[in-house]
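First chain written, first letter: the chains are A, B, C, D, E and F, and each begins at residue 1.
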Amino acid sequence: MSASHPVPGRIICFGEMLLRLSAPAGRLLPQASHLELCTGGAEANVAVSLARLGHRASMVTVLPDSALGDIARDALRTHGVDTAAVLNGPGRMGLYFLTPGAVLRPSEIVYDRAGSAFATADPARYDWKAILDGATWLHVSGISPAVGELPARAVLEAMRTARALGVKVSYDGNYRASLWAARGEDGAATLRSLMAEADLAFAGERDFALVLGRPELAEGGREQEAVEAAFAAFPQLAHVAYTRRRQIGVQQHELEGVLHARGACAVAGPFDLHEIVDRIGTGDAFAAGVLDGLMRGRGLEESARFGLAAAAMKHSIAGDFNTASRAQIEAVASGSLDVRR
Amino acid sequence: MSASHPVPGRIICFGEMLLRLSAPAGRLLPQASHLELCTGGAEANVAVSLARLGHRASMVTVLPDSALGDIARDALRTHGVDTAAVLNGPGRMGLYFLTPGAVLRPSEIVYDRAGSAFATADPARYDWKAILDGATWLHVSGISPAVGELPARAVLEAMRTARALGVKVSYDGNYRASLWAARGEDGAATLRSLMAEADLAFAGERDFALVLGRPELAEGGREQEAVEAAFAAFPQLAHVAYTRRRQIGVQQHELEGVLHARGACAVAGPFDLHEIVDRIGTGDAFAAGVLDGLMRGRGLEESARFGLAAAAMKHSIAGDFNTASRAQIEAVASGSLDVRR
Amino acid sequence: MSASHPVPGRIICFGEMLLRLSAPAGRLLPQASHLELCTGGAEANVAVSLARLGHRASMVTVLPDSALGDIARDALRTHGVDTAAVLNGPGRMGLYFLTPGAVLRPSEIVYDRAGSAFATADPARYDWKAILDGATWLHVSGISPAVGELPARAVLEAMRTARALGVKVSYDGNYRASLWAARGEDGAATLRSLMAEADLAFAGERDFALVLGRPELAEGGREQEAVEAAFAAFPQLAHVAYTRRRQIGVQQHELEGVLHARGACAVAGPFDLHEIVDRIGTGDAFAAGVLDGLMRGRGLEESARFGLAAAAMKHSIAGDFNTASRAQIEAVASGSLDVRR
Amino acid sequence: MSASHPVPGRIICFGEMLLRLSAPAGRLLPQASHLELCTGGAEANVAVSLARLGHRASMVTVLPDSALGDIARDALRTHGVDTAAVLNGPGRMGLYFLTPGAVLRPSEIVYDRAGSAFATADPARYDWKAILDGATWLHVSGISPAVGELPARAVLEAMRTARALGVKVSYDGNYRASLWAARGEDGAATLRSLMAEADLAFAGERDFALVLGRPELAEGGREQEAVEAAFAAFPQLAHVAYTRRRQIGVQQHELEGVLHARGACAVAGPFDLHEIVDRIGTGDAFAAGVLDGLMRGRGLEESARFGLAAAAMKHSIAGDFNTASRAQIEAVASGSLDVRR
Amino acid sequence: MSASHPVPGRIICFGEMLLRLSAPAGRLLPQASHLELCTGGAEANVAVSLARLGHRASMVTVLPDSALGDIARDALRTHGVDTAAVLNGPGRMGLYFLTPGAVLRPSEIVYDRAGSAFATADPARYDWKAILDGATWLHVSGISPAVGELPARAVLEAMRTARALGVKVSYDGNYRASLWAARGEDGAATLRSLMAEADLAFAGERDFALVLGRPELAEGGREQEAVEAAFAAFPQLAHVAYTRRRQIGVQQHELEGVLHARGACAVAGPFDLHEIVDRIGTGDAFAAGVLDGLMRGRGLEESARFGLAAAAMKHSIAGDFNTASRAQIEAVASGSLDVRR
Amino acid sequence: MSASHPVPGRIICFGEMLLRLSAPAGRLLPQASHLELCTGGAEANVAVSLARLGHRASMVTVLPDSALGDIARDALRTHGVDTAAVLNGPGRMGLYFLTPGAVLRPSEIVYDRAGSAFATADPARYDWKAILDGATWLHVSGISPAVGELPARAVLEAMRTARALGVKVSYDGNYRASLWAARGEDGAATLRSLMAEADLAFAGERDFALVLGRPELAEGGREQEAVEAAFAAFPQLAHVAYTRRRQIGVQQHELEGVLHARGACAVAGPFDLHEIVDRIGTGDAFAAGVLDGLMRGRGLEESARFGLAAAAMKHSIAGDFNTASRAQIEAVASGSLDVRR
């Protein structure tokens, strides 16, 4: 908020943005007389978190030139994300409809993103050299290639340009089975090529099992082996991070944060999360928290701890974005639950 | 409500349904933290009105098999519309985003209906002989052909089957310039072929100018001439109806209802409409009111009067549907403004 | 608000209280997913207005000993009305359901007050001598006798006790045709006996036509004659007051306030009322405004003017109560429309 | 949703419908500026659940011919319940006011159903032979006789006609002590005569203790004995079902479902239910789930399991109705808590 | 509610009132498009609770003569608190902004009370002899002296006048570190002088450590010793009460109530509080519950038990006030969680 | 929205920002259970409008380092205003409470801005040379000096630095009598010194009468003379602009826009404004519209016309900001009222 934090780096986030339309808590979608509106998208969520934490974060995406596209762009601006590289193009605004779960009823998402401006944008529209100039990190995810062939090409080109320019690459696996199924494949080859460009991967044993073609790694209990196999297969990979989540009820989870370097591992938590407000975007909040640590040069333990606190914080905030300040996340990390006056 | 009204007929309404997502009154879309949700679609609006007025009304459409499609179907059921002929199919739910106008700022609609289940449905899915069996009227509109080639074929087949079966055909011009522009044509030929099947047309001088290829008829002051030209060109056409609207402000209109038979014309109104709540669907409410008159065998004057009262009533009700009862519409027609206790 | 106003008198208001459940603006009752809740009742409305204007006002009624009854009692207390004489008794809380009108659609009220604690209360429960001790005015209305035989007896006893004690009596005709119809009579005899006890009557030509058995007085244009006939028939009657309302639309009225003394008459207004928020209780607001003038010893003109301003003010406030302060009503009377900073 | 489910049967549900007016969560009734409105009634809740699960369900009741009555009827139609046998009649709409509980504060219900159209309807208005023609099941409850002598006669006649026609009878005890107290008796004789007509009873040890005149069965630990005594006393009784509920807090329960046949018993659960949204109607959701199993010819285990999942699901949905689809209930039964995309 | 409770005493509560502006649940303050408004203040909270429990409670404070001040005064009246001694004066209305916590994110309060009418009021404005005439108790807190020097003098004068008149004095420590820090001291001397006037102190080991200058008493495990030291140091002190709270999550606490007399101690609870709605004002609810016991002459055990039940109840009610009735609090004390019909 | 507009200039806006807390429409402040929150301030309103119109706009102000201050800053960012020169400082966030008027009841504003961070900021904190570097315009108002001596010095220094740097100065008189009264003077001398630095003044005859010490100019009918006197007295003054407003009701106005150059004058309108949504900030919207014209080098007529259309548009938008796009304002200017699809 104030100018007292030195800003450690500049991160470019690239991916699709979506508007979320949610039924009110405790109601099924057909019971709703109104839907709550917010903006999201995995990579935008990371951008917002990092901007709130004092980093210079820029978003790269394509939005329709309409009131809906403006909503998404303005939401980034509100939180201090630079939108100079947000393009307008033909096509729809991607939407998703959320029915928040309760008790033992899981949350349900109906995607309505086909034909979006992002999915149909020509990869040549992104001038990656200009965009990445002066950046220290690039953040992308495995959702973009799942959305379509054009974004798949764009994301790979972004990663390769980053590496050529010495910009570090953060990659969140974010496997979306239903999107790949709609494309008639499992995406393993494409995702492997992306993973090969990452310095930091937010990915777990199932992601590695897929891209390494070793399904047995996903069968349980082989998490450490999967990480080691990933480090072996992807020589540029320096860090791997993920959360472990145990669900007692739809609104009661236990959460740990894990951050691996080659030959070292930090585990933070577990945190007991009760009366969860909104779990959408908690993985992105974790990613942003870990990135904050690495961008500031903090150690494994502290980065894992802060990433987990950021993820825990997000469970208490409605919407896709973790808009909490550093001080608020530190308060969660400290464990104090008293009213702060 | 009670069983005291003899039910004069059975009407089949065919067309696309849409979910409407509206910004709250007095707010632009990007100011909205939630959007109000309701169901609409020109032909469905007519079906709901007529069901509320005691007619047997059935809807024919294609909806996605999703929570969004269910919302549309259930909305019909709520108001007593028969949904046995509502089909499920692949594709999206058509949406539109409404920013209600105020003062001198016009209302704005952003359509998001491309790729809908209705627009992409194979016309062969509709078994028109079975659907129209026992019906007295079919109601369709010029929106369906504007939506795509497949619906264009379906609506024409429906109209021709109706005529073959002796079912009367009601057709609402509802010209949508932007949809036709997106298809690269003005639709005149298609719309002419539809108009040729209609017993009753909700259409005005601009519609007739278009389908008759006589643009001069739309230049003002030639309304009567246009209607006569239409009666001349379309021998089956028995009635033509439309409203005349003068707008003093976005929420202040003056409205007349006009109903022509060959050689006769009734004009109802004008009504002064202040503090308008919602003008979407007022044309459909008028159509339903006129249809009610004709289905009950009422005269021109009474049908025009009831149609205008129904349209006026709809201006006072939020949402696309005119869900008012016959008694409530009669109260508007009577001109009494006192609190009814 | 402050203690700077000398308090001119103490008024006792007696009548039934009701909870109002309203559909949101622009929606029919069946469209409502929630109903707005407020408290009302003609006599309670007068009590609240006068308490807000700095008078000592006490309410006498019977409420059920339930959360619903508590809502009504607490609403009085909020506005400074004394509730020491509010009794609890068996029976229901009276309710009414309001669908606010719009454009040309009139507001609709569905009463659900049968079997209420007030309607079924034994008149012997009210100790009128104690209640009226120290009071300067009693205010009652013609609704109470319409509600049932027991309240009819109670209200007459209250009026007669008041007169015996030298307490002035204010009576609002408030004719409710549907309630009398449900009792199988028109109430003329009962209402005449009440009118005979009044010092001040809020009543117009139709009320007088009824109680005087002279229906021709209500046929229009004979307002002055009706008032003179009332003064002739009811020797104790000192003042007659009413509003004249011309309705251009459901939310656009023109309003005048008329106050007669024997041989003198003041007419205030007209006021043009646009975009009316809530017209329920505007007659009670007028009554309170006129009573304020008479209780303070103001002249006819000023009392009529203040009564009309109070009525006009109420059209801008949601709910049954006119909770405006004297300063706010004076601002309306002054005609200034600028933002007050 | 789609036509793919064969519809196994047709069920007639008979009972009173009520409108529910609820304070918002976390507020006492007098704190509420608005009340949430929904429709309920034990038997209607069952009808809606079964219609949502693909059965043909019809409601039989009497509603007032008013906007309030229309709300109740339309709510049934929304969910696909047939309303051809819903009658209009004189009398009020039954209401109840709900203050939802929280933490250790129990939920509170204030009934306001005296004088309802249902309670005062002449039993001769129901033509049971016509209504039950073609049905496979009748569902009634012990609330109807508690509401009044007229409904008591109607429900018994319905049950006996059903048995005469070979329609199976489902009976939910639903003992309402306060309603019987208001009638000056405990209802044991009447309820025994109803229980004697049931093929399936939703009833537990306290119900059986009452109707068998054996209060000791309700003293705890004698559940199995009570069920056996019921099977012995009521020869037609084929199945007995109930839930066992342990309450840790107002919004934290543990729930089991029990279904007995003669000589066999299935117990499903327990399920841990946290952050409960709405527990009203959960017993009816259980009843509908068990009925679905029996109507589809499923075994004891599967019927108990599905009934319990349906009950658990209802705890996550606001309102009286369980409007969940079969797929959503199966998801609860499967135990998966992940977001469904 | 009814007049059946004998009223045991009359209590005067003195302190600052505040308006609370809260973000909706699950949202950070900058996410809020509206803020929920309610009235509070530690001493006013006690007054409201006791008035709801049937005591005569009067509030003494200074409010601005504005719509904001009126809100605070009217909120007292709603709940039956006497406001005859509420003064108007220059200065602002004190405000506070609340962001309710969730999951592991603590609630946050931003005070905006500087320059309030209360803080800047001349102590000479309070005529304590007149105010305390006929009272049995005075209730004050340690917040008043923290707010400023003028209120510090006023509260001490009130306490001393009370003691001189034989009115018992209840004092709630309510230590506010941030307010004292803003005044540049820790307040120990001032608070000691207040504690010296109290018959009943709501205070725990940290309060006693401060005023006794024995910081080691606050180091944990020395609660009993601290209470004994307080009884030794303050001869007039007859009772000491406090709660013990263990926080599992922001919305899950375990709570005990402790009440000491000289030589005796009662501990009530613990109660497990889940899904907490609002914890603000729970300490005041406890204080009012204990005061109710002492004012009614109940024993230590019963007073502690009722105080704890009142505190537990408050956790289920939105806003600062515990507006529950005696019957509702008794229901919590009884432990029954079933729906009350 | 898109990059197609060349950006004509860069404007610096300096002044206090306020949070607005509004009662819902149709309710008095004490009736509100929640208050709507938005951000405003005369100069910030201009900055937001101009940023929405495609200009580079920067805000200079001082905000508290709190969640409230962040709300104000983030609101600027949402709309694309540069916040690099927004400072944090000690002191409160300025607030104002708005009761929106209706019918004949004027809107009421209660300011609560004493002691704000802006009002108490040392003028030395603003580095005007750096801030104004590269700017083409500076916009300030007469509110800043009314707020206090420190802002008065700051605004004068800003204006003088601007003139020294060749940055044009826009000045809005915005006379606030109540703020000056609180400072014990009428501000004429101070405001004259500000007016002397302006190239463009938003000011009318009353402003000029004050600063010229010629009260007779404000007596009506001497508007032209007042403007000429201003041009004579202030040699640098190139343009004078203001609106003429006639109020028929609180929500019905007639509005003209007037723009003078030396020797030339353009009058736009009148526009009839009905059902006004929000009139706060309409003067600022006019100012921004006129500034847009001048910054783009448009003529008097076009600048006046666009300014008036912008002002008219603002009447249809809730909140202080006119967030409409150029296309939306042009639509108002065009006079078309039809739904835009």
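Throughout what follows, contacts are C-beta pairs under 8 Å (C-beta built on N, C-alpha and C of every residue); 3 or more make two chains touch, one makes a residue touch a chain.
Being a predicted model, the structure only gives us computed values, none of them experimental.
Enquirer: Could you name all chains that are in contact with subunit A and with subunit E at the same time?
Expert: Shared contacts of subunit A and subunit E: D, F.
Enquirer: Using the touch definition from the top, list the chains contacting both subunit C and subunit D.
Expert: B, E
Enquirer: Let me check something: if the centre of a chain is the mean of its CA atoms, which chain is farthest from subunit A?
Expert: C
Enquirer: Using residue numbers, check each pair in C-E, A-E or C-D against A-D and return the one sharing over half of the contact pairs.
Expert: Most of the contact pairs in A-D are shared with A-E.
Enquirer: Can you work out the rotation angle that lays subunit D over subunit E using Cα coordinates, in steps of 5 degrees?
Expert: 120
Enquirer: Using C-alpha centroids, which chain lies at the maximum separation from subunit D?
Expert: So the chain farthest away from subunit D turns out to be F.
Enquirer: Subunit D to subunit F: how many Å between their CA centres?
Expert: Result: the chain centres lie 62 Å from each other.
Enquirer: Per the centroid of Cα atoms for each chain, what is the distance between subunit A and subunit B, given in Å?
Expert: Here subunit A and subunit B have centroids separated by 45 Å.
Enquirer: Taking the mean of the C-alpha atoms as each chain's centre, how many Å separate subunit A from subunit F?
Expert: Taking the mean C-alpha position of each chain, the two centres sit 41 Å apart.
Enquirer: Using the touch definition from the top, which residues of subunit D touch two or more other chains?
Expert: Each of 28, 30, 33, 70, 74, 108, 274-275 in subunit D touches at least two other chains.
Enquirer: Linking chains that touch, what shape results: line, ring, star, complete or other?
Expert: Chain contacts: none of line, ring, star or complete; other.
Enquirer: Per the touch rule above, enumerate the chain pairs that touch, sorted by label.
Expert: Pairs satisfying the touch definition: A-B, A-D, A-E, A-F, B-C, B-D, B-F, C-D, C-E, C-F, D-E, E-F.
Enquirer: Could you list, by residue number, the parts of subunit F that touch subunit C in their complex?
Expert: 25-28, 30-31, 101-109, 111, 176, 178, 247-252, 274-275, 279-280
Enquirer: Can you tell me which positions in subunit A touch subunit F when the two form their complex?
Expert: 1-2, 65, 69-70, 74-75, 77-80, 88
Enquirer: Where on subunit C is subunit F touching in the complex?
Expert: Answer in residue numbers: 271-278, 312-313, 315-319, 323-324, 328, 331-332, 335-341.
Enquirer: In their complex, what parts of subunit E are in touch with subunit F?
Expert: Subunit E reaches subunit F through residues 21, 28-30, 32-37, 66-68, 70-71, 74, 92-93, 95, 97, 99, 108, 110, 112, 114-115.
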